[in-house]
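There are two complexes below, and they share chain A, which is joined by chain B in the first and by chain C in the second.
What follows is the complex of A and B.
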């Protein structure tokens, strides 16, 4: 049995969890190819034209695995923290229905929905239901679920040490070290959603460019969970979206952090939650005098444009340090 | 204290009375104009939706005219409208305004918070005064909704152009001057009498259109170029799915939207915040009730409405009902909207004609 998993959105946050789970159950996994122009074009073709680029890409990735898999795994994540008013972005909540309504001739979608606000054990139950749907025995499902959770834990540990997801997975296999840097590197906090930061096509190689410029990069995943919760108390009201909360809280953590020279906020054109997130970070950074730049990505983002902006920003930071 | 609040359709008439009864001086929000929008867009984040920008502009205009307190509503997500209050306050503070900002959260979710804020507004007033103010305000909102709805029923059949609009303006003044419970009741009777006195073509069977979408652009004529009146002038009966009083009731202690959510279920099984799920459900209901078409109104980049738009295509195909989606942003012009409406009305006319011929 072949299960198709689109390589975008929540994939970057939960990939080892799902991959291990399905592999342990003896299913074959088909992950869509890395984002490319072709995938993007297909996404633009199928998705509603007002959607943001990540949603269009999701349609493209689903199309990419459409004829290679028996089932397509479209997770509907509602709430994974138990906080009463926090969910994922409304577009994520309606994603399954959007794909179903706008893409004809797909293999069946695997319905999967987790909402921890409803039941405490909702997560485990949902995996059990998913396993039963695939015709597995409870014992086997339980085993797969446990090893999936273990894989996710170690993946997160690696992310928190500053490895991007591709490298984190490579490390799981090879146990290689972190790349070396100049002695006093410029340190930038790059905040944004995992599906923008870790998709090299969408962000036009932003992370790689920064690596090559000899810059130390800090990501939201590198902030300890406990610190995020402490920073949350500084906000008058929590945002309603899991990823956005992570971004805002980690941005505030880095603004307070004296090691950080500047903040880069990466966002997608037309992202609803980010219109709120961006302004919050901007006002906060302005108040503390921390340099801040917003990089907005869309279908037409080009490498040269991104590079120019990054270089200008880094030059400005070097000037502030007196290195220029 | 000089108090202001957002402008939404005809509701300021009711909130004005509420604030006066609580012993404050209302700074009436101006009907949003181009100036309001450009003022708001200047200080708002680029991708904030249009209600955010209009509200920010409204507040800035009111602050210029001496407002000291802003009262607005909150929300619990996942639509970003629930976070407006926080961000508006931060932006206004950043601009150097020292204004008291009261964001009323849904009372059933944050009861203590709601009561504390209510206390702040009603400082020093007896419970009976507060109760009278709140209940008459509610009564007025219901009367306004009723009169608005009636005007939309009558306008497409009026014999003399613009008469309904003229009478409606008179009605607003009558309702505005009503103060006690008894007077409000009388104003409703009087307004209804005047509206019903408009000479109409009783034999006409106008096209029926349902208007769905995001609450602010549906309710605020300045944001949607007065689409319901525009359709009425074209001889189309336009009903909308959202009324302020009903919506407030359904989203506090009473649950009244279950049948709509049930209708949406085959297409959209999840609550996506805002009015996304209701838009899908209402389209299904409108098609069952034999409407000729549905118009979806939403601000540009509205998250829930994008979800429903991508599903509405399938709903429209399955149920054979035309749906026109209008996303509104700073660049939208009245002429553009009007052209699209005219084309849509033509389409509905010809569909009716084809059906009639098929019957014969």
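What follows is the complex of A and C.
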């Protein structure tokens, strides 16, 4: 049995969880190809034109695995933290319906919905239901679920040490001959959603460009969970979106952090939650006098444009330090 | 204390009544216009939706006029509306305004109201009486509006109908007791009826979308008026009073959502926040109750409505009903909307009279 998983949105945050779960159940996993122009074009074709680029890409990725898989895994994640008012962006919540409405010739979508606010152990029960749908025995499902959880934990640990999901930073440096960091590197906190930061096509190679410039990068995943919860108390009210909360809280953490020279906020054009997130970070950074730049990505984002903005920002930081 | 609140259609009438009955001075911003829009756009984040920009414009304008207390509704998401209050509080403070900010959150509603009553120094009875009076006014105004839109396409002198409605609304706004409101509403309703002319029935269109865009004519380019001018009867799916009844009152809430979910089954399986479920529900139910078309209005970058827009395309195909979607933002020009409405109206008239079966 082949399960197709689109390589975007929540994939970057939960990939080992699902991959391990399905593999342990003896399913074959088909992950869509890395984002490319073709995938984007397909996404633009199927998704409604008001949607943001991540949603369009999602449609493209689903199309990409459409004819290679028996089932497509489009999870409806509603609440995974147990916090009462926190869910995901409405577009994530309605993703299954969007895909069903606009892409008729697809293999069946695996029905999967987690809302931890509803009942105790909702997560486990949902995985059990999913396993039953695939015709597995309860014992096997339980085993797969436990090892999936372990995989997610170790993945998060690796992320928190600064490894990006696709490859470790050290490995990147060895293979592509990126110069090792100078003794006192410029340190930038790059905050944004995992599906923007870790998708090299969407962000036009933003992370790689920063590595090449000899900059130390800090990402939201590197902030310890406990610190995030402490920073949450500084906000008048929690945001309603899991990823956005992570971004805002980590941005505030980095603004307070004396190691950080500046903040880059990466956002998608027309992203609803980010209009709030961006302003919150901007106001906070302004108050503390921390340089802040917003980079917004869309279908037409070009490498040159991004590079110019990054260089200008880094030059400004060097000038502030008196290095220029 | 000088209190202010943003506009949303006729909501200023009950709120003004409520605060005036409690002897609180009220600063009402002018009706939304280009100045409000400019002011709001200047200070709001680029991708925030038009409702936020207008609301921010309203609040900043009132703060400039000396208001010292802002009252806003909160929410529990995942639509951005629940964070509007806090964000505009932060933006206004960053601009240097100092004021008291009251945000009515669903989780702390009772406490917030208690604090407010204490601050104003009135009794609970006065408060409840004022609240009831405001509520009756809201119901009366919304009822009148509903009547107005069913009569308008059939009336020859549309300007006159408009004047009649305005006068009636002003009368209701000035009332001091419930019987007065009732008689004013009845008089207004009769006056509107008398302007109606008997003609063939016109195509009916359901106007669906989020509550702000539906109820604030400035933000939807007065879409209902444009439709009525083209000889189409608009039917707004959500009125503020109806929403309060269905979604805020705990004893109605569950039944309403069960009904909505039943209708939306197969299109939208979950309540995804904002008014997406309502939009899909009203679209399906109006397709099944013999409406001739659907107009979907929503602000650009509105997250829930983008989902419902994509789902509406499927409804349009399966239920064979024409749907026009209008994403509105501060750059929308009246001419562009007019052209689209004209084309849509032509299509509906053609369909109704079987001019062209292929349409």
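What to note about this one:
Definition applied: the second predicted complex is superposed on the first by the 311 of 324 C-alpha atoms of A that agree within 3 Å, B and C clash if a C-alpha of one lies under 4 Å from a C-alpha of the other, contacts with A are read in each partner's own complex, and residues count from 1 in each chain.
Definition applied: a contact is a pair of C-beta atoms (placed from the backbone, for glycine too) under 8 Å apart; a residue touches a chain by one contact, two chains touch by 3 or more.
Quick caveat, the model's predicted, so the values are computed rather than measured.
When the shared chain is aligned, no partner comes close enough to touch A:230: not chain B, not chain C.
In the superposed model, A:132 makes contact with neither chain B nor chain C. Look at A:312: by the touch rule set out above, it reaches neither chain B nor chain C.
Applying the stated contact rule after C-alpha superposition, one finds that A:1 touches neither chain B nor chain C. Taken together, the two structures place residues 47-48, 50-52, 55, 76, 78, 85-91, 93-94, 96-98, 101-102, 113, 236-237, 239-241, 269-276, 278-280, 283, 286 of chain A in contact with chain B in one case and with chain C in the other. Chain B contributes residues 44-49, 52, 74, 76-80, 82-83, 85-87, 89-91, 94, 109, 267-274, 276, 300-304, 306-311, 313-315, 327 to its touches with chain A in the complex. The part of chain A that touches chain B in the complex is made up of residues 47-48, 50-52, 55, 76, 78, 85-91, 93-94, 96-98, 101-102, 113, 235-237, 239-241, 269-276, 278-280, 283, 286. Considering their complex, residues 47-48, 50-52, 55, 76, 78, 84-91, 93-94, 96-98, 100-102, 113, 236-237, 239-241, 269-276, 278-280, 283, 286 of chain A touch chain C. Against chain A, the residues of chain C that register as touching in their complex are 44-49, 52, 74, 76-80, 82-83, 86-87, 89-91, 94, 105, 267-270, 272-274, 276, 300-304, 306-311, 313-314, 327.
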